[in-house]
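A, B, C and D label the chains in the order they appear, each numbered from 1.
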């Protein structure tokens, strides 16, 4: 059932104002090009979900797409802070940003519950931390057999889940390998899904460590070579570490950011 | 930390009378040779755990090793009933057999909880069935966010988990592929573990679909080529369908079974 | 005219019930035979999911067990057993669950656990639940394939292993079971469907040559036969040829009897 | 005599704290550098587990991020992110959790969430929890590596992202946290360990050339220095050479600054 379309058509059809949208990819295979397309199509009021909001989320937030962020680690990995994220949280620029904050273990399990059709997940987590007091989506739950108290977190079922993969076949079956993160879970947990791929091939030859998503679990596939830049797609590209470092200066300043946005995203 | 030993040494060191022991392998890679070694070492009073008790469990039960069976489907696949299992349940021969019965989904999730260090797992299961009334290890649990009622099952953490794999390297890292069932879960959930393998190699070359268990998750590895017979090890052997069919006649009769046991297991 | 057995008629009728492109959770035995027949005839795009974790298997012969190597070798993806239940079955991703039964009752409830009225001391101990309770609950709809006899078609199952319509209308909703339940029961005598009002299994089709009285006699409750009940189209030559070719693949690879 | 920087001393001291064969959950930045140094010096059998799901990674250069391709290419197994937390971290399979901190307090509690006293309006918004709360809870023991300053070493963290010893003895037990907690804190000035009686972080070692007063001045609570406190052995020539060679692998593959 996966339809192969252009990236702009896919985003136009799948992502609506006010949607809950998750772009996942754990350092590897981050669907950055899809994020830029969301910016270009000027979506507003999104609840953005991501374990590790990094540069592409800083860009989406700075561009005014987001009303809310659900996350567990927001930073520019190896460099420092996300300045657009900070500016939105502290100063409400360009729009106020609500946050819902978890740990990685909590977020990963929320996707697992979502992919599993369960309303919640159970984990040993958050005990003794100050997070539970700030985050309404963390509650205690007792084991019905031992009485032990654990943490419950509600399922995440985004309206749209977006990931980048190495390849798809012409029927829309998707294959990715290397660090596979929570990509399978986010696609299975989401109502609609978009996978951008490096290439479309006749046949998906089996590969060690590869995850395959059958075409009937994916809504749209778009061929976007390099669509994970500045992150990488194992076997296709290297991480552009300079881009991460240079983002720090661009994002520190609202004007520099706005210029960058005009030139590098909106004009593209 | 995996030590490579003979099968008899491994069973002697790991399996004790009264232990809870799980031999897993979903049609594929069933650790039958290890089961026969448990029979030869005349272990008694075991709680045997397995999603699909089939011939090797019929044999363990008939040989008097088991006091209790935790399971979700007990049959001779493609043939019919397990006669030693039935005889033990109905007539207590050669020893009474208590049963604790679940569905596959419940058993699989009990192993997942065991592997995850959680006391229980949650699933949509058992609703409206008569199983919950017979099985104390099925309880209702309410979602703390939606109030929805689901089923909880307690973790399975066997004393010993036993699986068969295609190969290990000399350090005891284990690799298996094809239908991988719940084998990773049972090894990770168990206090001690034994993996019998078709071969021991210098290096585990990556393979599509392969699961690797690092040596520090396995207690003992034993080289037992053909150790899954009459089930199969993909890439090494075919399923011996005649054996399954012939088991029906052997197992129907206590004397025929006893003769078989003497000749085929105890004398081996 | 070609001769055929009632088992062949049953298998062909079951295969026909599967629409092309459907995602189908397949048990071993008759359901697997019927699903593979459908794939070889009118439904080449049928997606076969087996509880062994093989998703989108495309076997070129009849698998001999639920974990036959040919399933892993030809699948789109092979996942762990916990994953197949948690990520694939439980969320309702599967259109059709295809089940057998040792007993089925007038409300489509299925028993594969025990015969007798004492769970602790049964007359016959059956294999148990396997994947069936959650297949019956979570698939969008369920098709049952089972030979019809008074021993099998009972007024009330001795043990509810898998819920059909419980004790009648509204029970599935009350139990919060997501799927529609058993929409079709295919036997060697004909086809039953739940009455839309009462949920009682009602004969809506008889196989060629099967008289209504024979179906009634094979049923442990006062069987209703729909007034509109017609006759199943007999197996076409192509269907029979495909079925026999499929079953020959079993005989070639092993003489084991293929049914559970 | 070789010259070295205080960061080099800190990294070498952290590497030394890792015994060979230990299973170590590694965060990016200083912990990853120290763990990779240990693997290149005295602990070739150190098992590196990264939250990206790479288990037993054996990188031949310093990874630039927690999800660097070199980790996947050299790992014994690459698993999903849910699996690394659920099957590998949560059950207590990991010996040592290796963490950094933006703030750490006298009881070893760690803050990486906010600076300020209002979560909704912080003075500084930090990245947040990541994997740290569950690493701090579930690993058998925790080693923290962090530069020592009054801004970082505070009497009480503004926000408990990851629990050390809570508010003192018995708190981890009361909270039912399985691991022992932070057993060693390694800084650019020396090494701190919890007092066995009070759980208060106490200086048990000063790096060569660091005076006790300097350590006290860099600490936001009245720092106790153990009477038995000795001086850390300076980095050996081989340790320094290995560390510098390791860091050169970063400069070769990219000019990116390696710290988070």
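Assume contacts are C-beta pairs under 8 Å (C-beta built on N, C-alpha and C of every residue); 3 or more make two chains touch, one makes a residue touch a chain.
No experiment lies behind these values; they were computed from the predicted model shown.
Novice: Tell me, please, which chain's centre (mean of its C-alpha atoms) is farthest from the centre of chain C?
Specialist: When every chain centre is compared against chain C, the largest gap points to D.
Novice: Measure off the straight-line distance from the CA centroid of chain A to the CA centroid of chain C, and report it in whole Å.
Specialist: Taking the mean C-alpha position of each chain, the two centres sit 40 Å apart.
Novice: Round to the nearest whole Å and give the separation of the Cα centres of chain A and chain D.
Specialist: 28
Novice: Which chain D residues sit where two or more other chains touch them?
Specialist: Residues 86, 90, 138 of chain D touch two or more partner chains.
Novice: Can you tell me which residues of chain A touch two or more of the remaining chains?
Specialist: 112, 117-118, 123-124, 148, 184-185, 209
Novice: Report the topology of the inter-chain touch graph, choosing from line, ring, star, complete and other.
Specialist: If you draw each chain as a dot and join those that touch, the picture is no line, ring, star or complete graph.
Novice: So which chains actually touch one another? I want all the pairs, not just one.
Specialist: Listed by label, chains in contact pair as A-B, A-C, A-D, B-C, B-D.
Novice: Under the stated contact criterion, what part of chain A meets chain B in this complex?
Specialist: 117-124, 137, 139-141, 143-146, 148, 150, 152, 154, 206-210
Novice: State the interface residues of chain B toward chain C in the complex, per the touch definition above.
Specialist: Answer in residue numbers: 26-28, 51-52, 71-75, 77-82, 85-86, 89-90, 101-105, 108-109, 111-112, 123-131, 134, 148-149, 178-182, 184-185, 209, 232, 234, 238-239, 241-242, 244-245.
Novice: In the complex, go through chain C and note every residue touching chain A.
Specialist: Within the complex, chain C contacts chain A at residues 23, 47, 55-56, 76-77, 86-87, 90-93, 138.
Novice: Mind pulling up the chain A residues that touch chain C in the complex?
Specialist: 112, 115-118, 173, 184-185, 188, 211-214, 216-217
Novice: Spell out the part of chain C that touches chain B in their complex, as residue ranges.
Specialist: Listed in rising order, the residues are 28-29, 51-54, 64-69, 71-72, 78, 80-82, 85-86, 89-90, 113, 119, 121-122, 125-134, 137-138, 159-163, 166, 171, 175-178, 253-260.
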